[in-house]
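Pasting in a structure now, in structure tokens, and then I'll have a few things to ask.
For clarity, chains are labelled A, B and C in written order, and residue numbers in each chain start from 1.
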Amino acid sequence: MARVRVGLFVTCLVDLMRPRIGFAALKLLETAGCEVIVPESQTCCGQPAWNSGDAPGAVALAKKTIAEFEGFDYVVSPSGSCGDHIRTEYPTLLAAEPGWRDRATAMASRTYELTDFLVTVLKVDSVPGDHEGSITYHDSCSGLRSMGIKDQPRALLAKMKGVELREMNGCEECCGFGGTFSVKFGEVSAAIAERKCDNVLASGAKAVVGGDLGCLLNIEGKLRRMGDENTKVLHVAEILAGDA
Amino acid sequence: MSSREDILGRVRAGLQRNAGNAAVGREVMAAALSSRSQGPKPAMDTAPQALLERFRVKSEAQSSTVDIVVAEAEVPTAIARYLTAMKLPKAAVAQPALAALDWAGAGLAVELRGARDADLVGITGCFCAVAETGTLMMCSSPATPAAVSLLPETHIAVVHASRILPYMEDAWNLARAELGSLPRAVNFISGPSRTGDIEQTIVLGAHGPYRVHLVIVED
Amino acid sequence: MEIKSMRFKANAAGSLANVVLQGNLKNAKGKFVTKRAEALKDLDDFEGTRDAAVAIRNKVIDNLDLWLERFEQKAQETGATVMWAKDGAEVCRLVTEIARKHGVTKVTKSKSMLSEEAGLNQALEAAGIQPVETDLGEYILQVDNNEPPSHIIAPAVHKSLDDVADLFHKVHGTPRKTEIPALTREAREVLRGHFLSAEMGLSGGNFLVAETGSVALVTNEGNGRMVTTMPKVHVVITGIEKVIPTLEDLSTLMRLLPRSATGQSISNYFSILTGVKKPEEHDGPEHLYFVLVDSGRADVVGGDFHAMLRCIRCGACMNHCPVYQTIGGHAYGWVYPGPMGSVLTPLYAGMENSIDLPHAATLCNQCGVVCPVGIPLPDLLRRLREKQTERGLRPLKERIGLRLWAWVAQRPKLYALGASLGARYLKWLAGDADRIRLLSTAPEWSLGRDFPAPQGKTFRELYAARQKINKEAA
């Protein structure tokens, strides 16, 4: 049987800030038997433009991304937020152009967030990494409420013997990041993040883990400003790949 | 142009109203009004005894108290017993619809009329009751003035078990069948009046009764 | 009501700095959220009930003109008078005229957000008519120098027990009470006199029933019943979008409204009022007026924000909103706070008067998830952002920045260069540390948190290097 060909959408934040998350995703997909291709020309999915009211910019970037990724069996991203933008919003924002809308719809049905893909499509039995210690999981908003990412990361983490999951209060509450919201309303954003961090700390876990780098940067930045130097802030891919 | 025409004109413009879609709209409206379709309802055991039990449990959850008697003739004595236990006066205003009961025989000074501010206890019947939520349905009329269940600090309601219905939808059908059209005021009452406006702390007795006592007649 | 939404950011900063308010918000948040979740449990089929509610509301707003005409006809048949108001000024004029016609000197009011929109209390006072708010929360605000509400269901949610104790002591001239039941009793006694002496009662309307020409009112305190039972005149002011078809539809919506609003399976009092008192009846108003209000609603019909007209004003969106939970309702600057307010304020009070509101959301969609009539609030907020951009209402710097970003992101080589320079610049800013204390390119970020340092090279650079090594090895 031919290997599943996966186009890895790295996301602009991972590209800029945390390449190791991209490599962890790569490792997880390759270990699971996929042929992974990373289109060199990929940039941004266009979500910031779309959410900021720049529809023409968002449309242009959607078309660019579709052209780069529609040839693969699947499109996988280590982000519920970017994955959701491609899956849910592309068909909407290209609705006025039937040709593009159909291409968007076709690609949307093959686009997955990383942990969802590993569990739902590949149905993996094991993961390459192990991790010793307690963690608490932050459910990022788009992944949770739009893509239904809740049990998938937990199912994968449960395959690692050393991981002890300590759920925090309000794990489904927003961390206050919100993309451009975090730089437009910094004080409010940081105050929301403080509630999240209080819950992280109260869980007593040694690490907080999530599936979206934006939230993780926000949580890490707030934890450090609050004086917490010990809690690790990790992307779920890093843990599953055994890189953390 | 009148404000009415101005407003309706802009609504019509927004809906791109024309003769064709107006005809379709009227059909939708007629169908909705005649079908009276119902939404999903919580499942419930509708056997009479189960309805009574659910109504009692739900009423108590709303902070009402419940007494059950086996015949209507026992109602005045049951109410007298309650007033004594609560150290409340043995005087009350009652809806004229309750004139047939022997109040004096139970030692109660009951006046059959509309309510006044000074009335401390108000006694009413009810049109029917809804088991789903533990709710009384009161229909206003000359014999059943609305304020009797509102002004006094204590509201006592007589509920016939045979008129405890599963859902509010059943209450509407009963009203249509027995009254034809709606009375001036239909009041659904679920326990004593309350407020949570100071620190979300629930306090009973906001503007209406502090306590609601139900006497259910098993008939 | 005066629109202060342009000061959102300053208002929000004030809210964050207000220690008492922060305590009150924290206290309120848990109660609303927990109670709603509990109350939904005994509704076997929340999703199905919500779908039914969406269908009911759509049925009406998709043919709103027809349903309004139908409601008007039925209401008139019951003996009510139906009036129409284009805006708040017309609401004030009509209500004042009704009051004058019946020789009214005092009006008792149950909670009406439309009255807040119109600034009706000020208009009545100017006409020499005394308005008395009777919802406990609204009363507290009225006697506190007409402070505006901060929540549509719990108007005084920002006030603490101590605040109310001080206030009642001052305005009632009574010994200071510190128990909530005692304060409630004090307000009850003051307001009972008003209920009995007012010649006119004024209420909003939760729903208008087209089948019967009735208004449906939902209250817990009983003040709604008082103002519609005791005075000789009852005036209902409601938005034109509040019509629903049948009594059965009312039952469906009532399974959702109290649960979503206060976490009750049903509110204490749910009144369906139809027509006027008959001569032989003991109580009820002799005159009933409906004032059907537009104030921006008609122009929303059929457009991008049509779905917003489904709103049944439960407040669940704000109760679950991380931003509302953090800053409270006053920061939003007008009548309606939280996500629904951030959509309604631009639509009803002007997009140019509320530039920040559509952006004051993380788009977390908690509001969309809890909305009992399935309004896609994040989508509507995003669409408002688009409208702002189309109309050139956003700051120039932001517009240029966004355009530049999208332009660069369409040019992969330029983008790759920019990203690798950016990664190095941020790494340089961090120095030996694993974080940047002050991010000069986005100072707002640094107001309350650090910015984690990047690895220093981009994924694409590292990946290209790895591919090269793999190739050479092969």
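FYI, a residue touches a chain if its C-beta (ideal position, glycine included) is under 8 Å from a C-beta of that chain, and two chains touch if they have at least 3 such contacts.
Fair warning: this is a prediction, and the values are worked out from it, not measured in the lab.
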item	value
Central chain (by mean CA position)	C
Two chains sharing the most contacts, counting C-beta pairs only	B-C
Subunit B and subunit C: spacing of chain centres that average the CA atoms, whole Å	29
For subunit A paired with subunit B, centre-to-centre distance based on mean C-alpha positions, whole Å	52
Distance between the centres, which are taken as Cα means, of subunit C and subunit A, whole angstrom	32
Junction residues of subunit C - those touching two or more other chains	none
Interface residues, subunit A side, partner subunit C - complex	10, 12, 14-20, 22-23, 38, 40-44, 46, 48-58, 60-61, 64, 141-142, 145-146, 173-174, 176-195, 217-218, 220-222, 224-225, 233
Subunit B residues touching subunit C - in the complex, by the definition given at the top	2-4, 6-8, 10-17, 22, 25-26, 28-29, 32-33, 36-43, 58, 62, 113-115, 117, 133, 135, 140-142, 145-147, 150, 167-169, 172, 181-201, 203, 205-209
Partner subunit B, residues of subunit C touching it in the complex	24, 27-28, 31-32, 42-45, 48-49, 52-53, 56, 59, 62-70, 84-86, 90, 134-137, 140, 154-157, 159-161, 164, 180-181, 183-185, 188, 191-192, 195-196, 210-212, 214, 220-223, 225-226, 228-230, 240, 245-249, 251-252, 254-255, 262, 265-278, 280-284, 292, 294, 298-303, 306
Subunit A partner contacts - residues on subunit C that touch it in the complex	9, 12-13, 16, 322-323, 325-327, 356, 359-366, 368-369, 382, 384-390, 394, 398, 402-403, 405-410, 412, 415, 419, 422-423, 426, 435, 442-452, 454-455, 457-464
